[in-house]
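Just so it is clear, A, B, C, D, E and F label the chains in written order, and each chain counts residues from 1 on its own.
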Amino acid sequence: MLDAIQFSSFAEFIDMGGYGFNVWSVYGLFAIFVAVNLVLPLRKKQKILRQLKRRMMLEEEIKSEDS
Amino acid sequence: MWLWFSKLGSPKWFYELSGKWLPWLIAAMVVFMTVGLVWGLLFLPPDYQQGFTSRILIVHVAVAGTSLAFFPLLLVSGTITLVWRMKLADMVAKNAAILGAWFSFITLATGSLWGSVMWGTWWEWTDSRLVSMLFQLFLLLGVISLRSALEDSETAAKACALLSIVGCINVVIIKYSVEWWNTLHQVSSPVSMDTQSPNGPEFWIATLIMIVAVYLFLSVSLILSTRNEILERERKSQWVQDLVSKS
Amino acid sequence: MEAMSEKQTTTSAAFLATLKRDLLIAFKKKNDIVNPFMFFIIVVSLFPIGISPESDRLTEIAAGVIWISVLLASMLSMDNLYRADFEDGSLEQLLLSPHPLFFLVLAKNISHWLVSGLPVVLVSPLLAYMLALPEEAYLILVLSLLLGTPIMSLIGSIAVALTVGLGSRGLILAVITLPMSVPVLIFGTLAVQSTLNSQSPLGYLSLMLVMLSVSVSLAPLASAAALKISVN
Amino acid sequence: MEAMSEKQTTTSAAFLATLKRDLLIAFKKKNDIVNPFMFFIIVVSLFPIGISPESDRLTEIAAGVIWISVLLASMLSMDNLYRADFEDGSLEQLLLSPHPLFFLVLAKNISHWLVSGLPVVLVSPLLAYMLALPEEAYLILVLSLLLGTPIMSLIGSIAVALTVGLGSRGLILAVITLPMSVPVLIFGTLAVQSTLNSQSPLGYLSLMLVMLSVSVSLAPLASAAALKISVN
Amino acid sequence: MLSARQLFCERDDRVLFQNLDFDLAEGQVLQVQGSNGSGKTTLLRILCGLNDSYAGSIRWYGQEIEEQAAAFFASLLYIGHRVGVSKVLTPIENLRWSCSLKQAVNDDQIMSALKEVGLRGFEESPCYTLSAGQQQRVSLARLLISPAKLWVLDEPFTTLDTKGVAQLESILQDQAQAGGAVMVTTHHQLTIPELSLLSLG
Amino acid sequence: MLSARQLFCERDDRVLFQNLDFDLAEGQVLQVQGSNGSGKTTLLRILCGLNDSYAGSIRWYGQEIEEQAAAFFASLLYIGHRVGVSKVLTPIENLRWSCSLKQAVNDDQIMSALKEVGLRGFEESPCYTLSAGQQQRVSLARLLISPAKLWVLDEPFTTLDTKGVAQLESILQDQAQAGGAVMVTTHHQLTIPELSLLSLG
């Protein structure tokens, strides 16, 4: 299995046969793309829940003031 | 059928069901993504002609192929919004437009990074796939900006649905007309995407795995953001209130 | 009260009344007629200044520049189509008429094209001359524009109808509709260019004719739906 | 009532409040920021399609096309500057403030440029690449645009102020201001072209700097006067 | 003639009305009352089919409105907050178009209607030179011409002076007596015998 | 404090008013009356300097207004037909700006003013979601915050419900009692003791 790896050293791995910049940019972009589109919705969910909670409290406040 | 349809249209039902699916989808996505990326980065043998840049291609092709799915998706959800007035369809459509713009952009970016190696230029107007992908991005951005411009969410839903339908017809026409236009300019074009290099079966298997991984990613991301949308738009309903007070 | 149904107008009378009213408004405001025209001329004349005043250069870019400027002029003039009506409430009256909206919308589109598209097309040979386009291409240029501008008006009409409630529309309209008019641009410029290369432009022109007939029959429906959505 | 004069705001506070408000509105609407930018990109990408996709041809027209598109984007985005305020009556409130109108108008102009001019300038190198403009000209292109766009905003502001009461403005604005911005276009493209011919662009740039400072000090006065006229 | 059942409308998570039932018969003037933001405008627009974000049923002579939109529109006259008067056109030109969407009219009818609403001498002035109240009057002239059975008027009394208010009231009364029906929102106290009230919020 | 002499105004060859004289003193509420199109709006805009197509003299504490525009504007609050409320902004954001053109305010003042005009719960909703009357109320909240001596209000009662009308009347009265002055057009019958009338046309 391990000998199927195409690189014998880490430097070679980074270099990608001379196309390091392009290859790593693509993988980097792809990673950012995937991460952003997973993390943002997850964080947004937390934000929404927090906001909804705050609003619920505020509404109760208004209600108790009115009565 | 109708029952199923209206049930699927119920945000609450979708929220609960998708909550059950999500872990499985995420697990599958992680597995495919890891296999695809590790294989792609570490094990894929270099192409005899393109060297290690074929590693770009597996990502590019997966993202490019997936990004073609967005206008059909918008067409379907737009029709549902206009005809059956299902709120859920619009929640999906809203996020699909944004995600689709991301996909188109990544296709363009990875394509350029690949082109800069193969063609020596980052951008080439004589290639029809590039140009039509660029205009697909523009159309998606048009849908997004229409939505952000319209204040009333119900108006926005219907307006975007209509625009998506019109846009989908247009994407097809644009694609064909750009292709046609392009054949007239081929002469001076440096290279074309169709100069297929003989890639081994391993390459295609890696690509296939990446395609599956990217489709899974699409669905996970879309479901996550749709769930958020549901929470926001249904915030007054009892079940969301219960959910909030429990959390 | 009984006489009501007898006195009700026919659809064609409502169509004509709407056409007449829109033309009347345009002739009163004059700007609606003159501006697209002026805009077109001004934009075209920026190119010799910005790019190069040499006629060889200009010949190369002439067809493209004229087509793109027409595109911009016609997109930007769309803005007037339903806005004033929306703001003063006439649009609601239109939507509440008993006649099929398709025809009323078509009447508005036709009047708009007559007022803002046609003049631009008619002046284009003059600008073609200024940009040193060879003479043999004039006819095809005008023909292609005659077919292309109504298509763009019809497409644009959908976008205006969708955005009519918005405060600032000028740009968003262009952002939505310019990508959609790429096919028209392609066939229009190809028609002119093929004439210049002594090939037949008929294929392109007939394609544009097909596009025109499809959009005449579908776009007003979409516009009508869009108007209903916007007024909601 | 006695405390009134003590509580009155300073001009700089009013300036800041106005700047902040306009930015706030822009960020709420988002479209005001994104649309000029999108419009610019879309218009630029029509040229390779309409004229020619070959990079040699594109190099020749790149500077001109970018400058003209920026011009159009910035003119057309002006429309938003005072319109909403006019329609909802905020403009009258502005005119009735005790502070010098010069600064309040300037605040509105600055916020507008930050929102609609700057993004366009920042994305221009990307489009320059797509139009195959040689790399050595990027810096000068951006610099010339940085100097040129505020001038155009300031000039445009006068025209918007004059036409703010009009129903359909998009085109008339462009018709009024495009001719006025021809000098900017000339110096801007000359600056870029002289770089391409390995000459120094500094002369042109400093001329633009002079034009900018003159317009910053005079144009807001003219805009303020124009607003007073329009509201009448 | 018009009956609404179980109307429900919610905007931005605020329920404006629910379980709203009412009937409008020939010869009736129905005033919709309610404080600011209680949903009067929304209700009228829903009835006219300008707004479809509601639940419930609205029937016109016993049949759902959507099924007979053209017939319903032919006998409906709606004047909203925005009165439908183009500022560039003169009062005559405005009426010529807006009336001809529904019925055939001639200029004499228009002239006499304009005279009646006190716009004598302004027939040929473009509407942007008219004051707020005068523009309102142009749209009210349509009431005098229209043979529509159902009038739906949203705050038609704003900007009218006292004489105008009295005149409009008598116009509404005439319509009711001629067998038509009127649905109107206003914060004024109307003094029409045929009046019935509908209160929101 | 404000006095007009020999005002003359003509629009489109129609003389709206001529030889118009009036004085407005501290503690006074002046209601401008007149039928539609008699020139009320025009008069108010002339007084505020928003319209300069007139002849005659307008003095503020004895001095021509043009000679002391800044001082006059600092003590003037004008609310016209168009109320100056941006639809994208929320009520708070709107007030923050429009008040800060004249005086320094803090959010507490704004919040309590909004509450007083009955917009509790709408402070953070963008104004396009408010009804016609609610938008009017946003602009009226300015009256509660403003220390301006002279208020010029053009039909502030339109679209207000009866409770709103009563409240606004009492606000006007407070202003008069605090030594300010109000100039207002309306077709309503006001019941403020400090009221005086000016009739046009």
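General remarks:
The rule is short, and it goes like this: contacts are C-beta pairs under 8 Å (C-beta built on N, C-alpha and C of every residue); 3 or more make two chains touch, one makes a residue touch a chain.
Just so it is clear, the structure is predicted and the values come from calculations on it, not from any experiment.
Counting hops only between chains that touch, chain A reaches chain C in a minimum of 2.
Comparing the chain pairs B-C and B-D, the larger number of C-beta pairs in contact belongs to B-C.
Separating the CA-averaged centres of chain C and chain E is a span of 35 Å. Chain C and chain F have Cα centroids lying 45 Å from one another. Averaging C-alpha coordinates per chain places the centre of chain A 53 Å away from that of chain F.
Residue positions 81, 87-88, 126, 129 of chain F are each in touch with at least two other chains. The residues of chain D that reach two or more other chains are 29, 31, 35, 38, 42, 49, 52, 84, 87, 167, listed in rising order. For chain B, the set of residues touching two or more other chains reads 135, 138, 141-142, 145, 149, 152, 154, 178, 181, 235.
Chain D meets chain B in the complex at residues 29-31, 34-35, 38, 41-42, 45, 48-49, 52-55, 58, 129-130.
Chain contact summary for the complex, chain A toward chain B: residues 4-7, 13, 16-19, 22-23, 25-27, 29-30, 33-34, 36-38, 40-42, 44-45, 48-49, 52-53, 55-56. The part of chain C that touches chain B in the complex is made up of residues 155, 158-159, 162-163, 165-166, 172, 175-176, 178-180, 182-183, 186-187, 190, 222, 225-226, 229-230, 232. Against chain F, the residues of chain E that register as touching in their complex are 11-12, 34-39, 41, 81, 118, 122, 125, 129-134, 136-137, 155, 158-165, 187. Contact residues on chain D toward chain C in their complex (touch as defined above): 29, 31-32, 35-36, 38-39, 42-43, 46-47, 49-52, 57, 60-61, 63-65, 67-68, 71-73, 76-77, 79-80, 83-84, 87, 166-172, 174-175, 178-179, 182, 185-186, 189.
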